[in-house]
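Listed next: structures, encoded as structure tokens.
Two complexes, one shared chain (subunit A), two partners (subunit B, subunit C).
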Partner chain A sequence: MSTGLLLLSLCPAIAMTDTVIHSLWMSAGVILVSLLSTIARDVLDRSSASTATSPKGAVRLLRALLISSVLTAAFEAGLLAVSPTASASMGIYSPLIAVNVLVIADRQPAARSLARSASGALGRGLAVSASLLVVAIFREALGAGTITLFPAGAFRGTIIVGPLVDQPVRALGLAGGALLCLGYLAGALQAIATRRASAASEGEKPR
Partner chain B sequence: MSWEATLLTFALIDNVILSRLLGVDPYGMPGSLRSAAAAGGLFTILMAASAVAGSVLETQVLAPFGLEALRTPAFVLLVAAFAAALHGLAARRAPAMLEEAGVSLGRTATSTAVLGVVLIASRGGLDAGRALLAGLGAGAGFFLVTSMMTAIRLRLEVEPVPRALRGFPLQLVTAALMAYAFLAFDRGFLARFLGR
Partner chain C sequence: MSAPPPVPPADAPRPSSAPRPGVAPHLRVAMSSKRMTWLAAASLVPALGLGVALYGVPALMVTGASLLCALAAELATTLPWRRFTLADGSAALTGLIIGLVLPAGAPLYVPAAASAFGILVIKQSFGGLGRNWMNPAMGGVVFATLSWPGAASWSIAPLGWPAGAALTPLQALRAALSMPGSHQATPLAVLEKAGYSFSGLDSGVVGWINTHLLSPAGLALRQGTLDVFIGHVPGAIGASAPLLALGAAYLLHRRVIRWQLPVIYLGSFVVLSLVFGGLASGQGWSAGGPGFHLLSGNLVLAAFYAAPDPVTSPLTGTGKWILGVVLGALTFLLRYFGSLGDGAAAAIVLGNCLTPLLDLWTFRRPEAASRGAA
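Here is the complex of A and B:
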């Protein structure tokens, strides 16, 4: 997955990195909808290609939008049943998963088999989730001095991060903090990509 | 809330890019100020029209018939339909503007900014008139911030900046600083500005 594509998929989801638990719910949505919509689109593409009536352009886009939005609605209904609090806190951002996964999928080359498409979608979902989690841990730990997870048994679901809880960097908890973290994450990814490219070109040079 | 307050709230206080974090696109950075203005104009029209239609759909169809579960597919398809209609209209009436904007049908139909405005208007229970103002305000805010970010990026292109931050990372850091600056636009500012 390229750096640009990872950033493209992170941008609409970055608002849900104010707490770690929100980023985990968002990640679950992105992985599920991305995986299932890729499988559904791939199956339809392969079946329509064999009948020589392959849809083009706008019809294809409409079909993809319909699949991803229905799957997103199913995820929203499931989330509402499992955790109404999480559903309410995700607000307008859970429906946006529908267009987010579509934008990512459209920029990927077609895979040779259904299994490869599915594993590619799963990989993209996991990459997005890992990036969201890193940004969320950084923002919540520094911005609020806590890390919010799922409560279980005696564990109330919140880890206190030392003295930061009394003197947090509140600016990181705001919308600007999300953009700032994403900007520096993008810079780090760009630096790694540039270093890898230069190392590869050095290796190709004849001695 | 008065009509001026609705417009200013959606343009400055609850800005779609800087407050809601929607519409930031690493592949969609306008190349020039003219391009940013053309794209901003198209998105403003699309946001206003979609917000009105979304509000009507919510209040006249989805809520009365208990079809709230279909809200996401309905709004996604609604935005796509309006994007297609706007592209068709612009291609016939203002092809130069469409070319200058450099936005494809796929990008407008899957815009998180437009869908976000529709969702905010419908979930906020805004009637059609308020939704129109919300859409226009959000579009104006989108237009303003995109133009400002493009102008800053064009200036920074000739400045010495760390290689790792060149391009989209610096654009995000710029947006972050603008988001902090826009915190000055709050309810207190609105009350003072409108003299209430």
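Here is the complex of A and C:
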């Protein structure tokens, strides 16, 4: 995985976790594009006569980028039609969904069937969405004193978080605050993974 | 000459009682880090005393909140692992510096949050004392300033000042310079023209000096000279440059800190202010008022108590020189052209980010080690 690609995928994660509703739109884009691009790539792979003719290396990456870019453009067009406000708020960051999807796809092992590929992509998309949502809730609740959701009926779409709305921790709403939250989230996930790995190795030891 | 002690094999298990060294390179000094920290804290007591005398209970409340919160955060992150690190003085010094840097009018959640952030995020998250790559006190202050820019700069009038005077001289200078036609030769002249009033003590002393000592020679001190010099102005609790310099002189004498980094830092700031400072406000060359800026805000405290922090400053002499110039330039830019407080805390935080690079670029490995690595 190139560091540049990872850093580029951080841009929309930082920009779109300033409010919960932005992170939800971003999550919807990531899940949809990730799922559909995985299906498309899987179908193309399976249609190849043999592994010798299927693309590898840079060509494979280019193919994945093309597929996810086309699907991202379609998502942008759809979002503009459904919710022009959300489309405007995503702005320059919605095309970068393609990069996030590439990062997710890079981690994806080959699956036996199309259904398994699709369910794997869905799972990874949901995991990324959950991370974005956690960071967004933390940043918006502390950094702005609100949690912004979709308005429905009498609910105007904004939950006020106690006295924080008057004196919010603005530093968390800035890009540095987003990096801080992402760092702690990554650290927590790494700690959980390390603990699981050590527990598993303890269990494998002969008694 | 006695025979050298036997060297254990590289893969030999370390005895459980053996000390566990930290990350190399190691420095060996005559004084323990614990003693150095407590000496630094003790040297700040005169500045704290003047702050409490000038601002009264609010100063005690702000300093107490930052101190207690720093100690509580340190306890909360060490006691669960059955460690007690309060005795090393690091958390107390962090809390004390944060309290001194903030104004007495700041709401108590500001020093509390600054201390908690400094200890929890900047220090303990990276492994505790010795492993933090940023000065916890300055990092906490920058966090509070970014989060609550208004509340973190709420000043109150010190003892002997007209009630309601709350703008610091730096804030008043910025406001005055933003008005058309307010350009004067020096910052104090700008403030005088803008109607910024200083204390009665300053008027009396400066008037007496002018009348009896300077007027025969055709010279005169500006109103506010004494107040700015001794830190008797609205602003940070520990803004008294002479008392801070006194404490720093003691630390230099005891070799707790070295002179290079603070002197180069302040020197480069003064030179830049002198040459380019006036250009920022259209006053021309050599009109930046370096003396006023040197004595205002938290520059002296940052230069002597945060910049030479042994954990976050470069190990090599060349690195210290480079960092000193960088800190001076950053403080100059942030103060004259920025809006983030007086610029000193932010400059320290930005400079700390460069320290690992400076160590990497300027640290010379022993020749034998270099050959071994090759």
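The criterion applied here is as follows: the second predicted complex is superposed on the first by the 185 of 207 C-alpha atoms of A that agree within 3 Å, B and C clash if a C-alpha of one lies under 4 Å from a C-alpha of the other, contacts with A are read in each partner's own complex, and residues count from 1 in each chain.
In the analysis below, a contact is a pair of C-beta atoms (placed from the backbone, for glycine too) under 8 Å apart; a residue touches a chain by one contact, two chains touch by 3 or more.
Predicted model only: the values in this text are computed from it and were never measured.
Judged by the touch definition given at the top, the superposed model places A:C11 against subunit B, while subunit C stays out of reach.
Contacts of A:A171 after superposition on the shared chain: both subunit B and subunit C are touched.
Look at A:L61: by the touch rule set out above, it reaches subunit B but stays clear of subunit C. By the document's definition of touching, of the two partners only subunit B reaches A:A191; subunit C does not.
For subunit A, the partner with contacts to more residues, out of subunit B and subunit C, is B.
In the superposition on chain A, contact is made by A:V70 with subunit B only, not with subunit C.
Contacts of A:L182 after superposition on the shared chain: subunit B is touched, whereas subunit C is not. Within the superposed three-chain model, A:P151 lies out of touch with both subunit B and subunit C [touch as defined at top].
In the superposition on chain A, the residues of subunit A contacting both subunit B and subunit C are 171, 174, 176, 180, 184. Of all residues in subunit A, only 167-172, 174, 176, 180, 184 touch subunit C in the complex they form.
Within the complex formed with subunit A, the subunit B residues making contact are 18-22, 24-27, 69-73, 75-77, 80, 84, 105-106, 109-112, 115-116, 119-120, 123, 162-173, 175-180, 183.
Across the complex, subunit C meets subunit A through its residues 107, 109, 113, 121, 125, 143, 146-149, 151.
Per the touch definition, subunit A reaches subunit B in the complex via residues 4, 7-8, 11-12, 14-15, 58, 61-62, 65-66, 68-70, 72-73, 76-77, 91-92, 95-96, 98-100, 102-103, 106, 171, 174-180, 182-184, 186-188, 190-191, 194.
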